[in-house]
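Submitted below is the structure of interest, expressed as structure tokens.
Chain naming follows the written order as A, B, C and D, and within any one chain the residues start at number 1.
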Amino acid sequence: MTDVAAPVIAFRGVGVTYRKGPVWNRTEVPAVGAVDLEIAAGETLGLVGESGSGKTTLGRVALGLIRPSRGEFLIEGRPFDPAIRREGALSVVLQHPEWALNPRLRCGVSVAEPLTIRGDLDRQARRQRVASMLERVGLDPGFAERYPGDLSGGQRQRMAIARALITEPRFIVFDEAVSALDVSVQAQILNLIRELQAEHRFAAIFISHDLAATRYISHRIAVMLKGDIVEVAPARTFYDMPAHDYSRALYATIR
Amino acid sequence: MIALASARLGRFFRRDSLGLLGAVLLLVLLILGIFGDLLPLGDPNAIGAGPRLGAPSLAFPLGTDDLGRSYLPRVVEGIGVTFLLSAIAVIITAVIGTLLGMAAGYLHGATDHLIARIADILFAFPALLFGLLAAAVIGPGSIAAIVVISTATIPLFIRVVRSVTLSVAEREFVVAAVVSGASTWRVMLVHLLPNILGAAIIQLTYALSVSMIIESALSFLGLGVQPPAASLGSLLRLGSVYLTIAPWLVLAPGLVLAAAIMSINLLGDAIRDALDPLRGRSLK
Amino acid sequence: MRLIYFLAPRLLIAAITMFGVALLVFLSLRLIPGGYADIVLGPFATGAARDLLIQRYGLDEPIFVQFGKWLWALLQGDFGNSMVTNKPVIDEFLRRAPVTGELAILTLLLALAIGLPLGVWSGLAEGGAGGKGRLGRLVGALGASVPDFVIGSAFIFIFSKWSLGLKVGGFVPLDQGLWDNLKTMILPTVSLSVFAIALFLRTTRDAVLRVMTDGHILAAVARGQRPRDIVRHHVLRNAAIPVVTVTATYFGFLLGGAVIAEVLFSIPGVGYYIFSSLEERDYAVVQAGVLLAAFVFVSLNMVADFAYALIDPRIGAARSGT
Amino acid sequence: MTAAVDIRDFVVAYETGGGAVFALDGIDLAIGAGETLGIVGESGSGKSTLGMAIGRLLAPNARIDAGDILVAGCSVTTSDDETVRRLRRERLGFVFQNPMSALDPTMRIGRQVALAMEGTPDTAAVERLLVRAGLDEPGRVARSFPHELSGGMAQRVVIALAIARNPQILIADEPTASLDASIRDRILDLLFAMRAETGASLVILSHDLRMIVHRCERVIVMYGGRIVEMGESQAVFGSPAHPYTRALIRAAAGNEAPGEQLDPIPGVPPVLRAPSADCAFAPRCAHAAERCRRERPAERAVGGSRVACHFAEEIMAASGTAREVAE
């Protein structure tokens, strides 16, 4: 179901190396070796691996928060530059609901923030856009006036998703977006992401140590081990017998 | 946003009597300090209004000074001067300290190191000795006092704000703002500043109490407020000449000064417990 | 190995800080009203004599050259000569240092002896039920509110009216009998230590409270360890770092010469000397005094940094990667 | 034989800024000696409060409103501090979620383990205990500080600390939640091996129903501060009798077949402001009827399990067709 149009997102030989230790004996720590990946519009690529596998680092490269030491990261064929952010082409949903929204701002203001930064809509249009987006993520538009402190974890994460979608981005990074939620609420958010992707056709990376959730939400899954991708395959194969033995061992834990 | 904090504070004061004591004491002193001259306390400058070095009496509740002036209105005026000077110094500290602290905490790299070194250098000067140097350079007076107070309180302010900024900057909503293209200024003013105000306010109250101590110490050494103006510290200085024969000239301003600093310390503790409650646990 | 990783940069930072302090002090003296030159040469030097003197003191050289020479002299312990006695300033400071040192050590010991136990008790009490902890907070707030010169004045008044065996003022050096010396040091020490006790009490109380919320304390309680052992083994050490910081900072302040206590009780210490020099416009002494105090302060902070690394093994440990 | 832990009608509330919040709303439970019991519940279900209450380790703002807990016949709520302390030392062992925060960062591991053991053990005894906990370089581990260990190794040390005095009851609160998947199984193997070796009862608190059912003999499902279903693991998982248990199984990712849609539980977890007079799950329950919103369901025996639901029989019948557990 993923069309074969130009990939929205492309990693071309992307590698990241951290420098560590005091000035006189710098040591190089390769966080990401060399990654080649492409993600088409409307497609979610799952990125799984244990802590230290480099999956979060790769996510940060995709958000422009880290510059790759090697290779290139392209959005719609263009190398990353800050202007892309202001257009609202890119957004992120992160792990901890209690810090997803600025506790001192009303939720409506936080959700509208990407629009305010892009600055092409007036206040009334922004307010209207927020109201419809809240409804779309299953929240009463009246919640726009509330402070994050008054919402449950699941509701705050829905707000974060509303904010991520408000500028119709081309690409969203979900970094452990459901890991801190309870099982019953997790399913709500996973289904919501699926529906919204079908409707908005954004490309997405779903980073998580939760193999079951990743398998459910992703079209394809990349398994990372110590900075390298050991296997990329459609999610379906992870329901029975993935090829690489590390993937097999990993998925055996949720058999 | 302020409503959120004040509601919590209101609820808190009902439970914490110490905080309430501090707040009431501070309010009384502020009213005296600001509206003192409107109150019927006598004319602070009327020389010979009473006997020289007269003991406290009904006519002169705090006695009279070496020129026979009623001491009560002079002390009340002293409260005003002390608070005003300390407040000016602390506001300067708060503004500079918050901006530099936020910049250091959020921008990392060279900015962080530069600001940290500036803080270290200012921190290395013991307040009173720096006061002597400042008095030598710009001459004793209110300006010198303000410079000394700010120099003594800014480093700690920068360190506190920097450490809070470091933790707030890692929060998800800041990362999200950056990803959606927010400029550095916007991140600092819209996202960081409101979330570090709590820690800044707590540090402000402690800076205010330290500032009143330094101001009165400088004035006591004759380096702070210069005559005819008189802060509590200067009154202490003038009074100490007659310490053994007219002790009220020293004890009155001394006690009032202690009460003022105490009220701020109690208020600071209460605010800190309201905004950042440290409920330990029993070891039983 | 870990300590060297941690301390080497600290040493560099301390050097940079001291350089900054020296630069600030050097420049500030250049801003003295009436021009530094007039002060050094004295207001009466005129015409040719003045030019000759300017030549000799090198005041016409570019400012950074003067600074270079001044700094170089400083590094060799030459803090310049007093403008009044024209003798090296450093000798006078070394002569008076033991007096200020004694006052500082006495005050610090008294403050630690009372402030720390009270702070630990107040932190533990606040942790448990009941308002006992609030007493600690009240004492802390009270102590921190009464400046030392107010207490000092009160002592002078009381002890001069009814001299209860303690002499006010008139310092007796240590070598002329311990008890006589102590008799003159008790009052300044106590008036200084009231604030110090409050400072240590509040710092320790907050540190203990913060440690009590740590997970490993709950784990120790869950293992049924005796409260006494939990405090001894776990609480004290984890609460030590903020206490070490405040000890080093406050001791640095005291070693800079508690100006007011020395002036009030006429203790011939470093602080008194700098203050009286200011009145005689002997700026060389003021300059040297501030530099020495700052130098002591920075080195004490270095000692504190070293103590952190000993107390908390995480400090200075190489940070792990991603 | 007397139960290792006997909990009767236990109610706990927390004093918060915004009034009282009830964490436990009447718990009745007996934990048998040597039993492996899993307590499943989401955040706010009260499972951690229950686990901590067994050792009277509740937060300062907790208030025990009713009921009692007897550990080896001794009341945890009314006994004096010294008795409870000895109880914790000799009978109870706790394993916490985050191993790094359960160890003193400023003290070497060997010393911390020695402090937890009986009397003053020598290094050989300490290293023996570390080996028992599955650490293959006991000497190096004993000399290192907590921050120098990996998550898995640190949790092994925490387990060693918990079994140092051969407790009768081991309580593990989300023991593997903060660990990587591959280490998780090995840590659980260790926990169950320690239980078998010492004959202690093991209580595991977790949000992971599959893991609990897979490993524990008996399972308890908690919701809104109450036990909603309790019974033999396979029975409860195979044919759940409470709507919440059934919905939990259907909502959890990992049970579904490829391409099958997950069935989320609508609404948000409850916050109890007072003991509930109705069924706390009613607002989110597909089978809720008028009776559920009026009458608090009593806990009763239904087909080998104990369930707190008025319509347990119908649910069990309907769920009989629930997916078989892929063994």
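The working rule: a residue touches a chain if its C-beta (ideal position, glycine included) is under 8 Å from a C-beta of that chain, and two chains touch if they have at least 3 such contacts.
A quick map from chain label to UniProt name: A = Oligopeptide transport ATP-binding protein OppF; B = Glutathione transport system permease protein GsiD; C = Dipeptide transport system permease protein DppB; D = Oligopeptide transport ATP-binding protein OppD.
If you're wondering where the values come from, they're calculated on a predicted model, not measured in any experiment.
**Q** What chain lies closest to the overall centre, CA atoms only?
**A** Centre-most chain by C-alpha means: B.
**Q** For the pairs A-B and B-C, output the one whose chains share more C-beta pairs in contact.
**A** The greater number of contacts lies at B-C.
**Q** Just curious, how far off is chain B from chain A if you go by their C-alpha centres, in Å?
**A** That pair's centroid distance is 47 Å.
**Q** Once you find the CA centre of chain A and the CA centre of chain C, what distance in Å lies between them?
**A** Averaging C-alpha atoms per chain gives centres 52 Å apart.
**Q** Report, in whole Å, the distance between the mean C-alpha point of chain B and the mean C-alpha point of chain C.
**A** 21
**Q** Between chain A and chain D, what is the separation of their C-alpha centroids in Å?
**A** 32
**Q** Which residues does chain B have that touch at least 2 chains other than itself?
**A** Correct list: 279-282, 284.
**Q** Where in chain C do residues touch at least two different other chains?
**A** 127-129, 218, 221
**Q** For chain A, which residues are shared contacts with two or more other chains?
**A** There are none in chain A.
**Q** Given the complex with chain C, which residues does chain B contribute to the contact?
**A** Going through chain B, the ones touching chain C are 18, 22, 117-118, 120-121, 123-130, 132-139, 209, 213, 216-217, 220-221, 236, 240, 243-244, 247, 250-251, 254-255, 257-259, 261-262, 265-266, 269, 278-284.
**Q** Can you list the residues on chain A that touch chain B in the complex?
**A** Touch residues, chain A against chain B: 63-65, 82, 85-88, 90-92, 94-96, 99-105, 110, 113-114, 117-118, 147, 160, 163-164, 167.
**Q** Please name which positions on chain C make contact with chain D in the complex.
**A** Within the complex, chain C contacts chain D at residues 127-129, 214-216, 218-226, 229, 233-234, 237-238, 311-314, 317.
**Q** Which residues of chain D touch chain A in the complex?
**A** So the residues of chain D touching chain A come out as 42-43, 151, 180-182, 184-185, 207, 209-210, 247-248, 251-254, 256-259, 261-266, 268-269, 284, 326.
**Q** Within their complex, state which residues of chain A touch chain D.
**A** Those residues of chain A that touch chain D are 50-51, 152-155, 182-188, 190-191, 209-213, 215-216, 235-236, 239, 249-250, 253-255.
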